[in-house]
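Take a look at this one; I'll ask things after.
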Amino acid sequence: MIRIGEKTVRRLLMAAAFSAIGGLLLIALFIFKEGLSFFIETGFRRFLFSDVWDPQSGRFGIFPMLVASLWVTLGAMTLGAPLGVSVAIFLVEFVPRSVMRVVKPTIELLAGIPSVVYGFIGVMVLAPFIRSSFGGPGLSLLAASFILGVMILPTIISISVDAITAVPASYREGSFALGATRWQTVRMVVLKAARSGIIASVILGMGRAVGETMAVIMVAGNAVKIPHSPLDSVRTLTANIALEMGYATGRHREALFATGIVLFVVIMILNTAAGVMVRKRVSGKRG
Amino acid sequence: MRLPPRLTQAFVVSLLGLATAATLVILVFVIVFILRKGLPAIDSEFLFTKPQDMGRAGGILPTLVASVILPLIAVAIAAPLGISTAVYLTEYTRESRVTRMIRFGADCLAGIPSILFGLFGFIFFVTILRMGWSLLSGGLTLALMILPTIIRTTEEAIRAVPNAYREVSTSLGATRFRTTAKVVLPNALPGIVTGIMLGVGRSIGETAAVIFTAGSSLRMPASIFDSSRTMSVHFYILAREGLSSEMAYGTAAVLILSVLAVNLVAYGLMNRFIRRRS
Amino acid sequence: MKTPKSLIRILSFSVLSLLSAWTAGCRSGKSSVTLAGSTAFQPFAEKLAERYMLIHPEIGVTVQGGGSAVGIQSALSGAADIGMADLVRLPAEAAELQPVTVAKDGIVIVVHPSNPLSGLTLDQIRGLFNGTIRNWKELGGSDAAVTVVSREAGSGTRTSFEQIVGGFSLTGDAIIQDSNGTIRETVANDASAVGYLSHGLLNEKIKALQVDGVDCTVEAIQAGRYSLVRPIFLLTRGAPTGAAAAFIEYVRSPDAQKVIGESGLIPAIQ
């Protein structure tokens, strides 16, 4: 009976193994099904590059949201990437292992804080601070970038630490033997060896920043316009979907699903890039 | 001008240290801020009675219950699938185009924004499968969301089981299935549980995907076909509608404490696991 | 307990309990009514549902938010028995639905309490919200740039507001918030903000302005003197039946109408 079971088990496991891909395809299928016809009818260009979003008069251009998503993500990366990578380097190279073993899980714990909580603190603390110190409405590109920059820190730190730890000790020892200081070793040997892993961490952080919804709705102000300063209020692609979905019918609803398609494609590109980077690291280690 | 290497190092190290300190300060601030404002609102009435007057008064019991049931449903579905996937990838095949495809699929699924999960769940589970806004729709949607995490952590845990264990078991005449079930999985269990707990933590904290699928009814759910509001959604609504900031902070504090507790358990298990391994 | 057997046992147990919950859910003889839609009416519906279930414990009433469009769609698709919508004009899709007016709601123009103005004309409101009046001094206020705060496109409050004021499109500079509560917070925190929200949600942190010289009060709305008013509909596909009909009847009863009036909306039936 057991021997017959063996084949069945393999089949069952294989079927289960396709659940993730199945889920991915199902999600893609339904979002494309609801949004693609609109996308094609409106035209690629008109949808992506027109800057008027006025559902009441049937004009759907998501250019301001594209630009806003881009700026918010860039802003978040400007804060999150250097800060996160610095923390990772510091923890692996300049701090006793015992300290790292406490600090790293603490930082990873914070990845579990719900995004609505970050958004709420943005509204209660950050936005009033920006309004009173720099002017503008407070709910702004700057506020969203800052909150997102903080939110992606755990992702970047955690993956970067893994990448830097994975650099073989022999690399460092060789560099020390040549008389290099610790920092010279880090800069010239360790960071080079861990580069693709660090880049992957930054790309994954970027994916999280692009995809974050609730926190952004709460702090960005959601005005549909191309921002001229960091103090302007902006609306991202994700915010656009979540804000208007509850009220959307007909063409408007299709337009929101089409926004979902754009978001889906952007995320897939980012993920593929991160995947390529990670694979490079693995093959680099083997070679 | 070039500084002497020692001086440069001292300078860089203090900068990096400053960055680390700043990160910790920000992150600790988030927790302390919520707990300081929220803890005073928490008492037994808050935890164990129903909300009244749209959440302005009373407690949060139904949302607490929903926040327990929803992750359970998600895990009950995602854990068997995720563990099977990991077992298949590690024990039943060699690296091939198929395994790469499966991993790529899981990685992509992990990167999909929660709002897209919400849209999908609303169309597929709520509307097409006619489950309505319900704990079941929400749980199924969340299951898809946490599946990649469970696959990844289980895979890592299984890989960490030394090959010698499998060889001994096989040499005693055990089939591959028996070896997997009796030797590999028990040794990988803490790692697997870690993955599950991380999934639970994510389910408790999720808002965007849940609000579109499990709905936002304030009633106590009588079955998994009832719609119910989780703590995250309740907090979001309280904060957005400006109903009561005291209740909002209280809910946020319970929310943060439960997510932290779940994650702590996960890391505790992981640590025990690592210590036993080495 | 750390064996795969117990793991499998736990998993099969959870699957079984899911299945049993499934059948239990199908079998329960309790009749139920689901309402979905307008976030403006959602809190009131919740309150009424609570009271209704005290009198009729055999009926379960579930209230969902989602927005007026969700209300219309879910009433059409059958996802909800009753849709809630708060639009001045119902969209063409709603033609198949049967509307019943259960309440009215005033839309108030609000500013920061420090704003010296006491009222606006419809023309001035139009100018503020379409971006032609950019500074408060143009209206005799202090020299500060106007921050316009509005609801999201498609919102019942916004659609009604735009239809009643008429003939303008919202300035692109407007901050968009997705609920009455956040509109109120945003205006309360910004000395140069102007926004609009549901009459029932006024508080001391913000200041309501007269429209064409009329204060937004229950009397003014009922007498038809205040112009920014929208109806709140319950929608059913065809004539309501069974528990849905009973609940709608309850919402229109004097007891429920009194609750509606006390909580800040204007009763539809006097």
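In this document, chain identifiers A, B and C correspond to the written order of the chains, with residue numbering beginning at 1 in each.
Criterion: a residue touches a chain if its C-beta (ideal position, glycine included) is under 8 Å from a C-beta of that chain, and two chains touch if they have at least 3 such contacts.
Bear in mind the structure is a predicted one, so any value in this text is a computation, not a measurement.
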Chain-level touch network, classified as line, ring, star, complete or other
complete
Using the touch rule stated at the top, which two chains are linked by the largest number of C-beta contacts?
A-B
Using mean Cα positions as chain centres, tell me which chain lies farthest from chain B.
C
Quick one: chain A and chain B, Cα centre-to-centre, how many Å?
17
Where the centres are mean C-alpha positions, what is the separation of chain A from chain C, in Å?
33
Scan chain A for residues touching two or more other chains and write them down.
123, 245
Residues of chain C that touch two or more other chains: which are they?
65, 178, 185
Residue list for chain B, restricted to those that touch at least two other chains:
80, 239-240
Using the touch rule from the top, collect the residues of chain C that touch chain B in their complex.
2-5, 7, 11, 14-15, 18, 21-22, 24-26, 28, 34, 36, 43, 46-47, 49-50, 60, 62-65, 77, 79, 178-182, 184-185, 201
Using the touch rule from the top, collect the residues of chain A that touch chain B in their complex.
2-3, 5-6, 9-10, 12-14, 16-21, 23-24, 26-27, 30-31, 34, 82-84, 86-87, 89-91, 94, 103, 105-110, 112-118, 120-121, 123, 125, 150, 153, 157, 180-184, 204, 207, 210-214, 218, 238, 241-242, 245, 257, 260, 263-264, 267-268, 270-272, 274-275
Residues of chain C touching chain A in the complex:
39, 65-70, 72-73, 91, 93, 147, 152-156, 159, 162, 169, 172-178, 185-186, 189-190, 193
Provide the residue numbers of chain B that touch chain A in the complex, in ascending order.
5-6, 8-9, 12-13, 15-17, 19-20, 22-24, 26-27, 30-31, 33-34, 80-81, 84-85, 87-89, 92, 101-102, 104-109, 111-120, 123-124, 144, 147-148, 151, 175-178, 198, 201-202, 204-208, 212, 232, 235-236, 239-240, 248, 252, 255-256, 259-260, 262-264, 267
Residues of chain A that touch chain C when the two form their complex
53-57, 64, 123, 127-128, 131, 137-139, 217, 221-225, 233, 235, 243-250, 252-253
